[in-house]
């Protein structure tokens, strides 16, 4: 497990998600990367029942890169988040909790092709919220390195190499306090959560806007 | 173009198919018994002879178990147990759901109960607390573990913790003069054949230890 | 005619259930062999085979019962052979027979043993028939002698062993039921394990942990899951109390 | 001829033994009857006995003299690796010790000659530049590279360990006295270095997160890194090891190699001196200038 950063790629007005993925695939192939299968990250969100007091939100992730693990991130509503990494059977346990935590029925899936270029792994995925494509996410992993602070500049250069100027020169917010920590698979998931939250908010506003106008 | 790997299947789907094929170990066959401190050496000796891990000697363990529960609309609380090894700090924590023990009729040799075992990171304690769970009780287990085929035999002493959350050796107190002996197998559904094996094994430990189906319902009634 | 048909159906049903039982036992053995190959010992396998054998005899006996219609008078004819996969057939046979093809029909619809086996059987029978009465008697006697000797040895060893174990019974008690119950109720329900946190009851006095439950969580005397007769009066407040600060935090 | 006193002593012992043997034989045979002389047989026998005993006494005194002149042996000889030969169980190899000693002798001689030759040649060198022939310093060099006490190697390595704060060095000796070193460089990489005496024999570089079993380093030596970048660095490291290798100053060569390895601390966050980029063909600058330790891509190296 190496350092991974996740980057949004802006949607263009007149292009579908599949077209953008194809466009990026061409660029990545030009760099010399080879496609090695596909990837899938999914996220299910649960909310606590009102009887428990303050509303808590539970996000449960699966990542095809770590197929035997389940990642769960709990937001207790007051800004504190607690992550847990568990075995695949955790899903079964969640069913037992269904009386306390109910699914919000908003499944997020990010899937797309996975490429390898020497020690780099590149994933280009379309983010689906309830089966609607909401955006494009690019994940780049540099496997030999385990500390974000050591290779951020390099990863940035790498991403800018094929994504262009949409890659910011400032490290992602999530890493600001974690520059010198050893990178964990959970860090990837946390970044996905950040991005999903942004998309959800955006669509939420959009939906509100739509309902208001109609 | 090289062969492309199969597209990954969503985790939930693969879990459901695993459940359908009965390969998820979600049931525990259990027999329980106890042995007095004075006789535990004899028992350990006998187990060493009967079990598989003879050459390496009995495996010791020293665990801390916490029992969490949460109440929902139903009157029944949901109970989860977290167990961690005190002697090996880098081991994952174990989160466990245990269902109602089913005694069954006389013909069934063991207790059968649902059980889901999940290994997790140490953050699980904080996680459960924030989820709304609260700790009911906790205790310390120290003892020996044996293996015989798929069967697991534990001989453990249960200690009460005098100071909450601090499993230091000086602040624990044994709750009885006996060791708890448990014989269990974690298996997928419908493998009742193993229960028969357990009965045979339990037979071999008599009269030192009587491994039996303990009726949980009877235990709750105050002694007459 | 109708009656006969009905009877036949009944018999077949019975027969099938017996066969299924037999099949389940064979399954169990195969499962064991596959999953615990390293730990299976020959005695258990032998026992299982003994069970098989009695089952088999029982089935044969059932079939030879006089009042039953003679099953052998009915014949099964393959009307059509088909090399294609037949889903229905596969389902009925649990994926063992995917198609009724030329390959398998001779084996499955066989009424006589294979010529090779038949030949061997004949040979053996011939040999047995050709034996002189006296030689047979002699061999029998010798065999009996050997078996009796072994039996003697075994029963002697058993006697010795029983004396030994009999002596060991005197060790005294090694386990206590009361302790078992203490331990199990502690581990499963936390009895005697809940810490003695000074709690102020409505009366303002300290309550020992064995008293009525005062903590919002399950008290020691509360019946555990499943036994709750009806929610105690304090139930409603209990739910709310979950949000209150807990002694553990 | 000046014989080794030990040799003389051994010879004397041998003669002494021979004579004693003869005396005993004589006694055993008893009085011989040759029938030619008139003298009493007993007398003649007595006479020859006397003579023999006298000779014995003489030689005994010789021996005492020679032994007195012997100096006491200089303690136990250190055999290092060769002492493991005694544990050899196959009979055809037990005789290996003698040829081994003579080959070592030859090796030492060759070494001595060659270092003398280096000295002489360096003085008559055709180089126009100033050459510092600090022959005095070189006097303390080890006489041999292959038979160095483990303590000396340990001292050298612990000194190196102290030189680089970011480097952690674990010394293991999985096979006899030869060191296999596990080097951890901050959170960037790990290296396994196999030594013979103080000479580096083989280097392998792996990622920080690649599992290395410290109890079977000699197996790990053959396991390549799973990352391209570290396989490349492994190649560079072996090249550098050969470059720094110097038979006359072995500890310096180890020290320079370690300094070079330490420069990989900035493997992932360095810029190529030549092209100014961090990445080229999806590799970071993996090559280091052997003298200045400047960072370059392999393709950009000067």
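Here the chain labels run A, B, C and D in written order, and each chain numbers its own residues starting at 1.
Here is the rule we use: a residue touches a chain if its C-beta (ideal position, glycine included) is under 8 Å from a C-beta of that chain, and two chains touch if they have at least 3 such contacts.
Here the structure is a predicted model, which is why all the values come from computation and not from measurement.
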Reference chain C; chain at largest CA-centroid distance: D
Looking at B-C and A-D, which one has the bigger number of contacting C-beta pairs? B-C
One chain's C-alpha mean falls closest to the whole-protein C-alpha mean, and that chain is B
Where the centres are mean C-alpha positions, what is the separation of chain C from chain D, in Å? 69
Indicate the whole-number Å distance between the mean C-alpha point of chain B and the mean C-alpha point of chain C. 23
With centres defined as the mean C-alpha position, give me the chain A-chain D separation in Å. 58
For chain A versus chain C, what separation do you get between their C-alpha means, in angstrom? 49
Going by residue number, chain A touches two or more other chains at 51-53
Of all residues in chain B, the ones touching two or more other chains: 70-71, 132
Counting only residues that touch at least two other chains, what does the list for chain C look like? 239, 242
Which stretch or stretches of chain B touch chain A in the complex? 1-2, 4-8, 10-12, 15, 19, 24, 26, 70-74, 78, 80, 95, 97, 116-121, 123-124, 126-127, 130-132
Show me the residue ranges of chain A that touch chain B in the complex, using the header's touch definition. 34-40, 42, 44, 48-49, 51-53, 56, 58, 62, 64, 67, 70, 72, 74, 76, 80, 82-93, 96-97, 99-101, 109, 111
Where on chain D does chain A make contact in their complex? 187-188, 207-209, 227-230, 268-269, 277-279, 281-284
Within their complex, state which residues of chain C touch chain B. 28, 31-32, 35-36, 38-39, 169, 171, 173-176, 179-190, 192-195, 217-218, 221, 223-228, 231, 235, 238-239, 242, 246-249
Of chain A, residues touching chain D in the complex: 1-2, 31-32, 117-120, 142-147, 149-154, 157-158, 161, 182
